[in-house]
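The next part holds the structures, each set out as C-alpha cells.
Both complexes shown next keep chain A, but they swap its partner, so chain B is in the first and chain C is in the second.
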Partner chain A sequence: MTATDSRDTVSRTTTSTPSGVVVPSEREDPTLASTQEIQAGLGEILEEVAGVAPADATPEKSFTDDLDVDSLSMVEIATAVEDKFGVAIPDDQLANIKTVGDAISFIESNQG
Partner chain B sequence: MTPIQLPAGAPGARILGFGSYRPRTRVTNDDLAKRMDTSDEWVQSRVGIAERRWAEPDETLVEMSVAAGGKAIAASGLDAGDIDLVLLATTSPPKAIPGLAPRIAHQLGVPRPGAFDVNAGCAGWCYALSAAADAIRSGTARNALVIGGERLTDYTNLEDRATAVIFADGAGAAVVSASDEPAIGPAVWGSDGDLHEAIAIPENETGMSMAGQAVYRWATTKLTDTLVEAMRRAGVGPDDIDVFAPHQANLRIIELMAKRLKLPERTVIARDIVRSGNTSSASVPLALAALLESGEAKSGDVALLLGYGAGLTFAGQVVVLP
Partner chain C sequence: MSASTSDVVVTGLGATTPLGGDVASTWEALLAGRSGVSRITDEWVKEFPAQLVARLATEPSEQIDRVRARRLDRSQQVAVVAAEQAWAESGAADAGVDPERIAVVFGTGIGGALTLLGQDDVLEEKGPKRVSPFTIPMLMPNGPAAAVGLAIGAKGGVHAPVSACASGAEAIRWGLDLLRLDRADIVLVGGAEACVHPLPMAGFAAMRAMSTRNDEPERASRPFDKGRDGFVLGEGAAALVLERADSAAARGARVHARLAGAGATADGYDLVAPHPEGEGAGRAITAALRDAGLTPADVGHVNAHATSTPVGDTAEASAIRNSLGEHVLVSATKSQTGHLLGAAGALESVFAILALREQVVPATANLDDPDDDAAVQALDIVRDEPRKAELRAAVNDSFGFGGHNIALVFTTA
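Entry: the complex of A and B
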C-alpha cells in the first residue's frame, strides 16, 4: 500500500512531453524536495528510527561511527525514506551510504 | 453421475493443549564467542538472543517431536488412540525420504493416522495448524496433532557467524480438535517465491545461508499487512489481542511489528527468542507453551500468530489459547 503511494508521488513529479514521452523533471521542479527539506526529513527519520537528536544529523556524520546507527536500523531508514520521499534504496546501494550526506545526495539524485 | 458425498464436518476447531521439548544443552553467546568471532553484545543488540538450545546426537528430530507430541496429547486430555491426523512441520529433516510424521505417530501409539510432513520454512507450524483446523472443519479428521520440530544445527555452517549465532533446535506441538465455537481463525497465508534464494542452502553446500538484511526488510515492511488481515478476517482488532506470538527470528522484528500494529500495553509479547534462539517452525508453539507454563498467558486468551521464513512463506492467524 505504501509502495503504491510512493509510486504515485514519483509519477506526479515527472512531466510528460506532448509526444507522451516521460522525462525526469529538473532539480528546480518545485514538487521535488530541496536539500534542506531532505536533510530535515532525514533528521526526523533518524530520530524516529534510531533516537538520533535532529541537531546531530549533519551531512558529515557517519551513521555507524558517529550516530551509532547499525545495519538493521539502516534497513529501517531505507524503508522510511521510501515512504517519505518515494525513493527506493536497494540493499546493495544501502551498503554504500556511509554518511548522512551520502543519504541526502542519494535521495536528491534519485527523486522524481 | 453419482454426486460425491461430503462428511458433516465441524463448526470450528480449537487447540486443546500444547507440549514442548527443549534440548538439554544450553549454549550462551559467550560459549559461541569461544568458537567464532562474535560477542554477547553483538548478538543481544542485533538479534536479542541470550542463549539457545542445541540438540545432542540422541536428541533426534523424531525423539524431540515424540516428546513434544506426547506432552501435547497429555495436556489435551485425549488418548493417542483418538488422534487421526499427525502433521510434522519441519525444514530440517535428516533425510528426504521417508517423511517422519508416520514414524512419530507410530512411536506415540497413534493408530494409522493420516500423517505427513510440511516444509514451509519457519512458517511451517502455522501452515500445518491451518491445514489441521481445515481438515477438522471439513470432516476429514477429528483430532490432529500438529508438531513443529527442528534440528537446524544440522544445517548450520559454524563458519558463517551471521547464521550460526541465530539458529537452534527444539520441538513444540499442539492437539487440535473439533469445537462448536471456532477458536482458530482463518489463516492469511502466502509466499514470495521471487525471494527463494534469501534463505537457502546454496548449491554444493551443506549449511544454510541467509540474506539477512533483505529478509529483515521484507519482514518489517510486508508482514504487518498480513497480521492486520488475519485480525480482520477473524473479526478482532488490535485491542482484542491478549498475546502476540510471531515467529522468533529477531527480537527487533518482533518489537517493530508490535509497535506498527499498535497493540495495547497489556498485550503479552512472546520473546522466547531470548532463551531459545530461532527454532524455525518450532518457535511459535515453543513460545506459546512457555507463556502458558509461566502463567503470562492464560486459557481463553486471544493470540495473534505469525510464521514466516524460507520460501519465502508467511502465515498469520488468530487463535484462542487452551
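Entry: the complex of A and C
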C-alpha cells in the first residue's frame, strides 16, 4: 500500500489506534510503525504544531506552500517526530523534506 | 485648544486586564470598585513574603486561537488581544490606509519573561536540542510590538520603547511624535506585560517593593494610604489607535479624546529610588502641559502612577501638587488593577480618556487613612466612589525604574 492510498483510511483512526502508533523515544526496542501509522502520527504533530487539519495532511502537500508551515515550525516538527518515532532528522536532511510524503518516507526508512 | 491639522486624536481603545477582557468590562469593574487582586495558591509561593497578584480576568486562550497563541509569549498574546480590539474599534482596517503609513509603538517592561524562564527549565532538564525554536522571538522585548505589527499589517515602522513601568506611556509619546513628524498616518500604541512567575516576584520582593498584605488581597494595593506597603504585580495590556485629527475627521472616525501633549524627563537621581519631591516627575508634567499649550488650571484630573509603595506615592503627590496645584481630582487605579508595569501607562491613559469622555473620575480604593505627607493631604484624591466632574483635560503620568518619567495630556474630543 502506498502512502497516498492510505490517507482516507487513517484520517480518523488516530485516537483509537492501539499503542503501536505512538512509539516513545525512550523505548528500547520500538515497534516499527507502518506507513499509515506514520502518516497518522505526523498528522497529529502537524495539527498540534501548526493547526493543520488531519484531513489536509496528505502526502502530496508541501509544508510551506500548501500547509503554511514555516521554517521554525519545521524545527518543532522535527523534534516532535524524534519524540514520537525515535527518528532524528539532521538539519541537512530537514532542508530536503518538502512534502508530507517526504517526511513519511524519511521516517519509514530511518526508523528502528 | 483650537483644532489644527497637527492635532492628534484617539480613535480606538483596547485592553485586557485583571478587571476585564476588554475596555468596557474593565471600565465597568473599575467604576464598580471591584478588585482584580487575589492570593496565589500555587505551591511555589509558600516561601514568598509577597503572595498577591492581579491576574487577567480573561485568559488569552479564550481570545486567540491555540496555534497562534503557542508561538506567542503571554506578553505578546495580551498585546495582540488589546491591539486587535483597538484596531477593530477604530475602523482603521476599512479606511484604506497605505500599510507603509501604519506604524506600531508597543512597550513592555520585562518582555518575554515566562518564555525565557520556561525555556531555561527546558534547557536544564532536557538539554539544548529541546529548546523551542520560538524562544528568541518570544522572549525579545520588541516581541509584543512585532506581534502587533504583524497582526495589523503595519509596514511603516514597528517600535518598542523599554523604560520599565513607563514603557506603555512612552509608547504613546512616541506615537504622538511619529504623527507630528508625519512619519505615519495612523499609529497603534500601547503596552503589555505578563511576568507572573516566581523569579520576577522574588526579585521585586527582594527590593521590598511588593505588598505583603497576603491575608487581605483586595485591600493590599492602597496608594496614598498610610498603611500601604508595596505594589501588587498585575498582568495585561492596553492599546490606543492614534491619528491626526484631520484624517480622522475625513474618514468619519469616532474620536474618544485628543492626545494634546507629552513630556518626558529623567530623574538623574538614582537607578530605582524616586526623587523625594518628584522633581523629574513634576518637570515631565510641566513639559507635557507646555507641549499641549495648556495651563495647570485647564487640567481637572490626574490618573496617577501611584503604585502603593511608601516612597513613590509621596514623591508623586509632591510632583502633582508642584506642577498642577491642589485643584485636580486624583485617581490611583492601581488600587484595583494592581501594577501592570510596562502596560500601566497605556491602561491608565485609557482610563484618563474614558474619564474625559464620560466626565467621571474613578475612585481610589483602599484609601482609608491618607498619608500624613503634606502633598498627599493637600491633594483631592477621589475615594469611596467615582465623582462626576466637568473635565476638559486629564493627565496620566508614569514612572519607571531607571528614573524615566512620562506625562501625557489628553483633552476632550
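Please note the rule applied: the second predicted complex is superposed on the first by the 82 of 112 C-alpha atoms of A that agree within 3 Å, B and C clash if a C-alpha of one lies under 4 Å from a C-alpha of the other, contacts with A are read in each partner's own complex, and residues count from 1 in each chain.
What we mean here is this: a contact is a pair of C-beta atoms (placed from the backbone, for glycine too) under 8 Å apart; a residue touches a chain by one contact, two chains touch by 3 or more.
As the structure is a prediction and not an experimental result, all values here were calculated from the model.
**Student:** Quick check on the chain A-based superposition: chain B and chain C, clash or fit?
**Tutor:** clash
**Student:** For A:72 in the superposed arrangement: first (chain B), second (chain C), both or neither?
**Tutor:** Both: A:72 reaches chain B and chain C.
**Student:** Have a look at where A:50 lands relative to chain B and chain C in the superposition and call it first, second, both or neither.
**Tutor:** So A:50 only meets chain C here.
**Student:** Report for A:91: first if it touches chain B alone, second if chain C alone, otherwise both or neither.
**Tutor:** The first partner, chain B, only.
**Student:** State whether A:40 touches chain B only (first), chain C only (second), both chains, or neither.
**Tutor:** Neither: A:40 stays clear of chain B and chain C.
**Student:** Considering 115-123, 169-177 or 385-393, which region of chain C has C-alpha atoms that clash with chain B after the structures are aligned on chain A?
**Tutor:** Given the superposition on chain A, chain C and chain B clash at 115-123.
**Student:** Residue overlap on chain A between the chain B contact set and the chain C contact set?
**Tutor:** 72, 75-76, 79
**Student:** Show me the residue ranges of chain B that touch chain A in the complex, using the header's touch definition.
**Tutor:** Contact set of chain B toward chain A: 45-46, 211, 213-214, 216-217, 220-221, 225, 250, 252, 256.
**Student:** Chain B touches which residues of chain A in the complex?
**Tutor:** 1-2, 70-72, 75-76, 78-79, 91, 94
**Student:** For chain A, which residues are in contact with chain C within the complex?
**Tutor:** 49-51, 72-73, 75-76, 79
**Student:** Would you mind writing out the residues of chain C in touch with chain A in their complex?
**Tutor:** For this pair, the touching residues of chain C are 65-68, 70-71, 129-130, 132-134, 137.
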